[in-house]
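Before anything else, here's the structure in question.
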Amino acid sequence: MHKIPVGVLGASGYAGRELCALLLRHPALALAFAGAQGQRGQSARVGGGATVTFVGNDEAPLDGAALVFCALPHGASAPYVTRARAAGAKVVDLSADLRPGNGGCTPAAYGLTEWLRDTIRGADVVANPGCYPTATLLALLPLLERGLVADGATITVNAASGVTGAGLTPKPELLFGEVTENFTAYGVGNEHRHLAEMRAAVAALGADVDVLFTPHLLPVARGILATITVPLREPLAEPLALWRERYAGEQFIEITASAPALREVAHRNVVRISATSAANVRTPTLVVTAAIDNLVKGAAGQALQNANLLLGLEESAGLPT
Amino acid sequence: MHKIPVGVLGASGYAGRELCALLLRHPALALAFAGAQGQRGQSARVGGGATVTFVGNDEAPLDGAALVFCALPHGASAPYVTRARAAGAKVVDLSADLRPGNGGCTPAAYGLTEWLRDTIRGADVVANPGCYPTATLLALLPLLERGLVADGATITVNAASGVTGAGLTPKPELLFGEVTENFTAYGVGNEHRHLAEMRAAVAALGADVDVLFTPHLLPVARGILATITVPLREPLAEPLALWRERYAGEQFIEITASAPALREVAHRNVVRISATSAANVRTPTLVVTAAIDNLVKGAAGQALQNANLLLGLEESAGLPT
Amino acid sequence: MHKIPVGVLGASGYAGRELCALLLRHPALALAFAGAQGQRGQSARVGGGATVTFVGNDEAPLDGAALVFCALPHGASAPYVTRARAAGAKVVDLSADLRPGNGGCTPAAYGLTEWLRDTIRGADVVANPGCYPTATLLALLPLLERGLVADGATITVNAASGVTGAGLTPKPELLFGEVTENFTAYGVGNEHRHLAEMRAAVAALGADVDVLFTPHLLPVARGILATITVPLREPLAEPLALWRERYAGEQFIEITASAPALREVAHRNVVRISATSAANVRTPTLVVTAAIDNLVKGAAGQALQNANLLLGLEESAGLPT
Amino acid sequence: MHKIPVGVLGASGYAGRELCALLLRHPALALAFAGAQGQRGQSARVGGGATVTFVGNDEAPLDGAALVFCALPHGASAPYVTRARAAGAKVVDLSADLRPGNGGCTPAAYGLTEWLRDTIRGADVVANPGCYPTATLLALLPLLERGLVADGATITVNAASGVTGAGLTPKPELLFGEVTENFTAYGVGNEHRHLAEMRAAVAALGADVDVLFTPHLLPVARGILATITVPLREPLAEPLALWRERYAGEQFIEITASAPALREVAHRNVVRISATSAANVRTPTLVVTAAIDNLVKGAAGQALQNANLLLGLEESAGLPT
């Protein structure tokens, strides 16, 4: 079979390498180029035994690609998206720049696949969701769509991420000697960049609720666990049934009886979700937990899911479950 | 100086060993015996270069001790507390058995030192607080004492603990190969044993609020971080000032401008607390974070703090800061 | 295509689960049963989203399997191997029982695939090599086959393994709280069980040399790195060329210019080998380093490689590279 | 008691901070200044609850210090040593610059305390040993002093270090996400800088032997374990007795019956050493293992041990055991 050529800009970061690794094993897509401005001409392992050789982002042959993934740093995407579009390529952008709530001016479909699959299919440019919003919104979607959250309530999202979420740029606080045997919260006070994205999605779903988001840094390489407290309009007899019904047939969503663990989702393009009614509180409240691999379902895997849709392929093509 | 003899029952667990290590360095206390039923006659390292040799708990010379620490498993303390009292010793019990909310029948003072110091000083038996309640209640105390929490609200406590909190009894799910690169929630749905203790303390402080507590298991050996969301009666202009004022002069409490990290409290008998007003929510809400070493301030260190009070010594004697 | 049924005895340990996970994805083999005496009737995740339900080892339908993998504890294999053979199944035994140097009485081919491929192909029972010997012997084979090691010399093998090598049976010294931030040697003094297996292979290759083996326990879940010092008969001008030539065409052996890292082989059925001449010593000496995933190339992966040969399939069928 | 003022240059690195933390608790020394060129004016935690505020190295009031610790990067020490001497201060230099085998032109005593205590006492400048040589040479000293190593033999030193040995300067390969669940060798081929220092010491002890040193990077923050293979002139009946006798009365050296573990030496100024005769080899051979905390006995602790000697204090003053 002739493979469809696709390219990656910003291929040297964690998400970019994960994407390259997925593309090198893809049955229907071929990696046309891997761009990395600072490492052009160099080779790098991208998982398993595979290596890629980087070209400069500015020299990447955009017109030879049917689709371009932009995995550039936040703030750097816009010109490359424009160029790729001008060259006739579709685009999946992994930066925050085009996501809802981030003030981006390029119209892009929001790429939370299991929510907006049909919109994505018809789009030319997709803004791939952030890692925290992916876990959080997939966990909340069944509640929000059915209007089950108490009006005016605050949804409390406590989430913890592995350090690859902070990228490969070396900073002293990300050294092994600083992270091992450590754990802390950051962006405390509801100030994290991903909040706007969550709020925009919640608002789009018509919910009159606040979101209070506190991220934490875990001493693990990969994975996000979100523990979400949701005040309900009224008690829910069998919480899991709601998720099972909403996500029936979804191959990348797993509903579990007990809280998921990072180990269960590592290197897989899935979100695992559980939900339990809280005892010993007078307000009916659910505790919803969701786990993803931040580099797969939270970045490169979901990006590929979206790319498959944009290119008319099977949504699951080339994705590890 | 003649040292006061004290003993430890249940000395072979994590908290028991930590206690022995502290006692061996204590300027005014001498370790009269270290009891461990299953390891009697054996020796073990208890930190640094120090070793102890265990006697059976049942053969421990209780009448030679001015005070006995019971670090026995939950449910096993009561007869030993009775025996130690009969032998004339004061008792600090580290199990859950005598803590408020746990239905214990022996009257014991609740050993959250910075809250109930005066009561502890006059007591014969002290129930040492659980590790999660220590971090949580010290974080909440200034708010609860001043009645600042919104009536009828739910305080959301998300906390994560290192694995020593689960003890030294080997279970497959605590093996290194299972815990490394992993993270999960447990006791989800507000069912953890420590909840009753927190609720009892909150009620004793006169607050009409619920507590929703979700613990997590961290891939670290030691440390607890509690991230606590508190709906307020009204906004608080300078949150940190409240804690700084309440805890002025406390040598084991540190108030920090940003969220504390486990690394900052490891092997120390301190709690570090921070508090930030949440932006982007309509209800005035604080995010309070607190970190302790679960084996020191959350167990052996606080037990020693209480023992010092019971024995008329300097509260800080022999405690690492 | 009709798949060939194969079974696993001892399927609940680390190697057994890894095997089940591989078999569930195998293009030509079907998992007929997964035996685990102590967990019969229970289900367990075996990697990714896959689960298996265990039968008792004694109730496993051996006669429905063309091949049986025995992943039972050392010492427990023999009767099951006999039974499986009686039922007409071929056997790959992952225990130490049938390996050379271990005094086993059942004749079995030694399953170091890249060394003894042709013998294995014609065998009915294969003794799958130990994890340490796999890394060590594949590293040494090119030197030993060509008689390049100095006569009467001692080959010094220092190796370090992740904790899954010690199995899933819970022991206090394997708890996360004991292994994290720790490292030590064990079996010091050349007493480890795997030594006999290495010595037997070295002798079979006609080398008059000693092996001095010191294993270490690493704070990682998976992987073995062997660092091997080899006194040579005479200097070797381009060491890597020897390995490249010997292993040309081998798809599960990678020769690297610098020392391999565990991360490069995790979850893969490969050994990565490098070799460097030692400067600053008067005796010509090589430092050879080799890395494997102890559960894949060091256990389940190599077992499947051998099973593929026994069943006349492509050697690489179902194996992750 | 009036405390003696001492200063630290290069105080912001791992060793410098460890030194500051030790000095802040020292009973007879006062920290006069903590120099850190790039962070002058900033404050940092240096362990426990203590913080220091840095001055520029060039503005440090050298003439107010009786002794200056130079913890500057390798290559940068010389001018500061000269300046400190000109200001009348004694110097303990933690860089490699003045160590034997490194071609330094300033005459300095080699600060392996338990070997050269008397020389150090009379010196003005001490070159503090490297971390690997500290563990290795203290392990070998009893053998070398007694001439027990086989003539012309190669001593094989395999050692593994925690990542703080590589410093606080951020590099991608030291990020948590790269080091966790990883392990590799580096400087393979006997090329590491510390080799010259080991060779110089071995030669000074009159031994006609080679050293073959292979370091490894461990996924732990602190600690070095050296596993050393030593061909002997003739068998040694009770190996441990040799170390016990040589180091009798040494408070910072512990001889153990089984191989030491990193956990046993963390945060302590000790080396733990064990030795075992190798079975199954024809040449009489010992396997000697030694563990230190690379930042304490391997750097700041030993530096303070030496400073105590230079200043006429108790050698153990202010040192954690």
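Structure notes:
Here the chain labels run A, B, C and D in written order, and each chain numbers its own residues starting at 1.
The definition used in the following text is that contacts are C-beta pairs under 8 Å (C-beta built on N, C-alpha and C of every residue); 3 or more make two chains touch, one makes a residue touch a chain.
What you see is a predicted model; the values in this text were computed from it and never measured.
Simply put, of B-D and A-D, more C-beta pairs touch at A-D. In terms of the distance between Cα centroids, subunit D is separated most widely from A.
Look at where the CA atoms of subunit A average out and do the same for subunit B: the two points lie 38 Å apart. Averaged C-alpha coordinates put the centre of subunit A at 46 Å from the centre of subunit D. Centre-to-centre spacing of subunit B and subunit D amounts to 37 Å, using the average Cα coordinate of each chain.
Those residues of subunit D in touch with two or more other chains are numbered 162, 178, 180-181, 219-222. Those residues of subunit C lying in contact with subunit A across their complex are 45, 48-49, 180-181, 254, 264, 267-268, 270, 320-321.
Residues of subunit B that touch subunit C in their complex: 14, 162-164, 168-172, 174-181, 219-222. If you check the complex, the residues on subunit C that touch subunit D are 152, 154, 156, 158, 160, 162, 178, 180-186, 188-191, 195, 199, 210-212, 214, 216, 218-223, 225, 227, 229, 231, 258-263, 266, 274, 276-283, 285, 287, 289, 291.
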